[in-house]
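I have placed the structure first, in the form of structure tokens, so that the comments after it can refer back to it.
So that you can tell them apart, the chains are marked A, B and C in the order they are listed, and the count of residues begins at 1 in each.
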Amino acid sequence: MSKFFKTIIAFAFLSVVPFSASAEVTFVSWGGAYTESQIKAYGDTYSDPDSIIFEPYNGGLGEVRAQVESGNVAWDIVDVLPSEAIIGCDEGLFEDLSDVAWTDAPDGTSMEDDLAASGVTIMPPCCAPQIFWTYVAFYDPDNFPGNWSGAKPEGIADFFDVENFPGKRGVHTWANAIVEMALVADGVGVNDVYDVLETSEGVDRAFAKLDTIKDHIIHWSAGSKPLELVKSGEVVMSLAYNGRVGAANLSEGENFEYIWEGQVIEQEYICLMNGAPNRDAAIDFMIHASSSESQAEQAKYITYGPMRASGIDIIAAGEPWFHTGINVLDQMPNTPDKLAISVIGDPTWWADNGSEISERYGAWMGN
Amino acid sequence: MEAHISTAEQVLLTTDGIPLKDSLKKTERRNKIKAFLLVFPLLLFIIVTFVVPIFDMLGRSIDDSQINQVYPKTFEEYGKWDKKADELPPEEVFKAIYFELGTGDKIMIGRALTRMNYSKSGWKSLIKKTQRQIKKDLKAETVITSYKDRLIEINEKWADRTYWYAMSQMINERTPIYYWNALDRTYDAEMNVVRQSEERRIYVKTWIKTFKVSVYVTFFCLLLGFPVAHLLANLPLRYSNLLMIFVLLPFWTSLLVRTTAWIVMLQQNGVINGVLVWLGILCDDCRIQMVYNETGTLIAMTQILLPFMILPLYSVMKVIPPSHLRAAANLGAKPFTAFIRVYLPQTVPGMSAGGLLVFVLAIGYFITPELVGGKDGQLIGHWIAYHLKTTLNWGLCAALGAILLGIMLILYWLYNRIVGIDNIKLG
Amino acid sequence: MALPSYTKPGERIFYYFYITFCGVVFFFLMAPLVAIIPISFSQSPFMLFTEGMLAWPPDPDAWSFRWYRYMVGICEDKNLTTPCGNKWMRGTVNSFYVGTISTVIATTLGTIAALGLSKPHMPFKGLIMSILISPMIVPLIITAAGMFFFYAKVNLVYTFTGIIMAHVALSVPFVVITVTATLVGYDTNMTRAAQSLGARPMKTFFKVTMPLILPGIISGALFAFITSFDEVVIVMFMASIEQLTIPKQMWAGIRQEISPVILCMATCLVVLSILLLTTVEMLRRRSENLRGIAHR
């Protein structure tokens, strides 16, 4: 008995030894196939692949702020949404990287111009660009409902048109993108959405449009759900992260079709924690991860688009680019033709109005 | 007088010559200390690892000190503003905020910004733009005659009273505002408590919904759990132990798995609809919507929490002697009367323990409702997690938590009064 | 509780209704667990019965061990819909590690405390009992939030220590409740007898008290283990990949991946539980037979 207890005590003691900070860079990201693509595209191509540890997290700045506030920073690099990149930078949760020399595109274009070519004018000073991902509507033509009379939904207006395209719609449980989409469906030009949203009448207009499909919505909260909703016939079309749809199409042989017109393009950034334990190594890795080549490389494994315009050029030159030997640009959300018909999400507006819109959307959903 | 006392106290002594009373007292004290020493390690452990963290968090629900460190002068001057007399705050307020923005620590202002945006959207970009301009002013050493005009010149929103009114919510270092927010209330310009604007009223509804779901789930668990516990308690051990597996197996299976399983069961092309259509009870086009709504939440949560009702009920019922019911029958009671008057009262400890457990677990649930509840899936736990992770509005997060905790304490107190905490039993 | 021959028809109907009702509830409890088992053998990445699975005769292409191979980390296809790796296996190891250690600590501390609580001289009994039980009463999301803020301050988030401490706190109430309940029926004369015969307190406990209250301790330990093993909210906030547990990986699976691997894990755990429960039941019957106790 006593030997048993000794072993237990020894075990307990071992587990009590605090996690010691190693010289490895901790890169925190969303997990799943997305992190997997980052490991393949950035980690494996890095000069010292073993020095990077990839960690999953659930998003949000809660953990980031708790670490910085307590002074016990465990992470180095965090993969965040653009509005969070702005808030985290304002709050000093992330370190200002204005002085870092990011790599130029192969043709010598600077990072800034490269981003501007993709339509991104403001880059949070604490972060390096990652990918474009989108909220996009999609449907399964194999599951085509007979009562659509042969027509195919072509724009986001059709997503909001329950008369000609009857059936349930899958929509996420938070406000991002759906507000913009409602306005586009209501006839606002993709570039004017945020001007309209600046006024409270604009927001009311978006919610009025949402009211028209309220009874036809099934809400999902986990990113893998929309595919199951559409596949199982629970809904006829759904909004989803485009990468999920792309993965099902390219890797699982599904035949989902996108409704690109009116999609909302979101940016994704990697930011450096303020007080990161391995600051210099982390910056070095961020420079590597934000290069045009690395960003293009990521598209081999997931259909999120490189934020740098030069990344798209590399892919276009190298097709078939996907690792299974399939053309990938059709599934990419940010080819020039698609950029023209998409709303580019404005993180500044969301950083400003996000809390209030989210509450309003929550109230709207529950009514 | 003195003599009288001394004769009254014929003190009993132990063999050591100590008064017996003292000796007994001493032993009792020693026993008390002994008993306490046994409990002490765990008590200390729970206090350090659990009680302190919770109180530490609840402290955030009344704390607004960060923003008060950023704008001490502005808020001081703001307090002097007579809102009835002047449309906009006096020049001193504009001057104070001008300099506090121009010379303040960037990160501190950034953190305060997040706070300001909770009271009114738009603060963030307003302050950031203004701050940039002020910094330029200060560098260029621009001479400013009226700070009010200068700020309004930088951005016309400074002339918008609603921004200034929203500031009233932040000027106290210790504040009940988060509690008011958690109940859809806010301050107006005069710091009177008023209701939130209509489209932001969300928490009261969520509280009601959370309660409704928890009460329903507790009720259904009792309804389904009572007969099963009764059966298990009255069957011979060899059968009841086998049937007990049916209760324990779900109990041991991850709630995430069971949540997923219910989606598989309940969706339109799911098992239940499929079987109903196959049997010809439903037509193919009239499949029932059972998940991604409140029905789904109730079904899944009831199944997940049912074992928490059955196990305490079972342990109580097992020790109720069957002879009591027989005695009642012998005395002429009808089976129904005997059950109501004799059996049921004896199961109250089990019912209340199970009910308390199920209710507590249900009221804090957020994962299952979020996955199966669709638009009705956002219970109060969802908003606590949301403010914790996403909006960083930790004051509101803590206030919501504190209210939830308060409700639990009241229920717990009631339970303790009615049943007594010593009587709680599990399996 | 078979029906005696003298029951009236009304009672008879009620009895059958009652039995049917209980049957339905048992079905309700078990059906979802049974329904997911076939899907874990699906070829499709979606968690639903595909047409091929429902076809008769069975379509061999619709069924496979594909997701079981994923679970154990055998990655042969280049598919990246679901990352293939050792996460599930690591999660299993960690879950058992965290579960075992926190169970041992919780059971030890909880049993000792229960011994103290059941002494008649215990001061402030109600208050102390309330504090010890509070982790069970406080909604988990509040516990998780509070612990997360506090443990970050003392550098315990993303450590095994932090998670084990949190799990011990969560499981202690179950141990305290079950052991105190058992101690109510414990005859303290036993302790006195042992002590009067010269046994030291430790010896008295291990030789006399513990064997008698062992069922309560075991039942408390089981509750403690399950509490830790199935706990998802705390690990969601406080565990890094080093401390990945099964529920955390399941949560990631549900949110991030399209695959039924989570169902494979669940199937394995269900089978394991059935084996465990039947073994325990068989052992119990055997010991009953050996002791010559007639079946009730």
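Keep in mind that, in the parts below, a contact is a pair of C-beta atoms (placed from the backbone, for glycine too) under 8 Å apart; a residue touches a chain by one contact, two chains touch by 3 or more.
Quick caveat: nothing in here was measured; it's all calculated off a predicted structure.
Chemist: Taking the mean of each chain's Cα atoms, which chain ends up nearest the overall Cα mean?
Modeler: If one averages C-alpha positions chain by chain, the most central is B.
Chemist: Which chain pair has the highest count of C-beta pairs that touch?
Modeler: Most contacting pair of chains: B-C.
Chemist: From chain C, which chain is the farthest off, judged by mean CA positions?
Modeler: Measuring from the centre of chain C, the most distant chain centre belongs to A.
Chemist: Centroid of chain A to centroid of chain C, CA atoms only: how many Å?
Modeler: Centres of chain A and chain C (C-alpha means) sit 36 Å apart.
Chemist: Roughly how many whole angstrom separate the Cα centroids of chain A and chain B?
Modeler: 31
Chemist: Averaging over Cα atoms per chain, report the distance between chain B and chain C in Å.
Modeler: 24
Chemist: In chain C, what residues contact two or more other chains?
Modeler: In chain C, the residues touching two or more other chains are 47-48, 148-149, 254.
Chemist: Quick check: what residues of chain B touch more than one other chain, meaning two or more?
Modeler: Residues 267, 269-270, 371, 388 of chain B touch two or more partner chains.
Chemist: Send over the residues of chain A in touch with two or more other chains.
Modeler: Within chain A, residues 58, 62-63, 222, 232 contact more than one other chain.
Chemist: Tell me, which parts of chain B touch chain C in their complex?
Modeler: Chain B reaches chain C through residues 28, 31-32, 34-43, 45-47, 49-58, 60, 224-225, 227-228, 231, 234-238, 241-243, 245-258, 260-265, 267, 269-271, 274, 303, 306-307, 315, 335, 356-357, 360-361, 363-364, 366-367, 371, 381, 384-385, 388, 394, 397-398, 401, 404-405, 408-409, 412, 416, 421-422, 424-427.
Chemist: Spell out the residues on chain A that touch chain C in their complex, using ranges where they run on.
Modeler: For this pair, the touching residues of chain A are 1, 8, 11-12, 15-19, 30-37, 53-56, 58, 62-63, 66-67, 69-70, 72, 74, 222-224, 227-228, 231-232, 244, 247-248, 251-252, 301-302, 323-324.
Chemist: Considering only the defined contacts, which chain B positions touch chain A in the complex?
Modeler: The contact residues of chain B facing chain A are 106-107, 110-111, 113-114, 117-118, 121-125, 128, 199-202, 205-206, 209, 267-270, 292, 370-371, 374-378, 383, 386, 388-393.
Chemist: Mind pulling up the chain C residues that touch chain A in the complex?
Modeler: 44-48, 78-83, 101, 104-105, 148-149, 152-153, 155-161, 164, 206, 236-237, 240-242, 252, 254-258
Chemist: Once bound in the complex, which stretches of chain C touch chain B?
Modeler: 1, 11, 18-19, 21-22, 25-26, 28-33, 35-36, 39, 47-49, 109-110, 112-113, 115-117, 119, 121-123, 126, 128-143, 145-151, 165-166, 168-169, 172, 174, 176-178, 180-181, 219, 223, 226, 229-230, 232-233, 246-247, 250-251, 254, 262-263, 265-266, 269-270, 273-274, 277-278, 281, 284-285, 295-296
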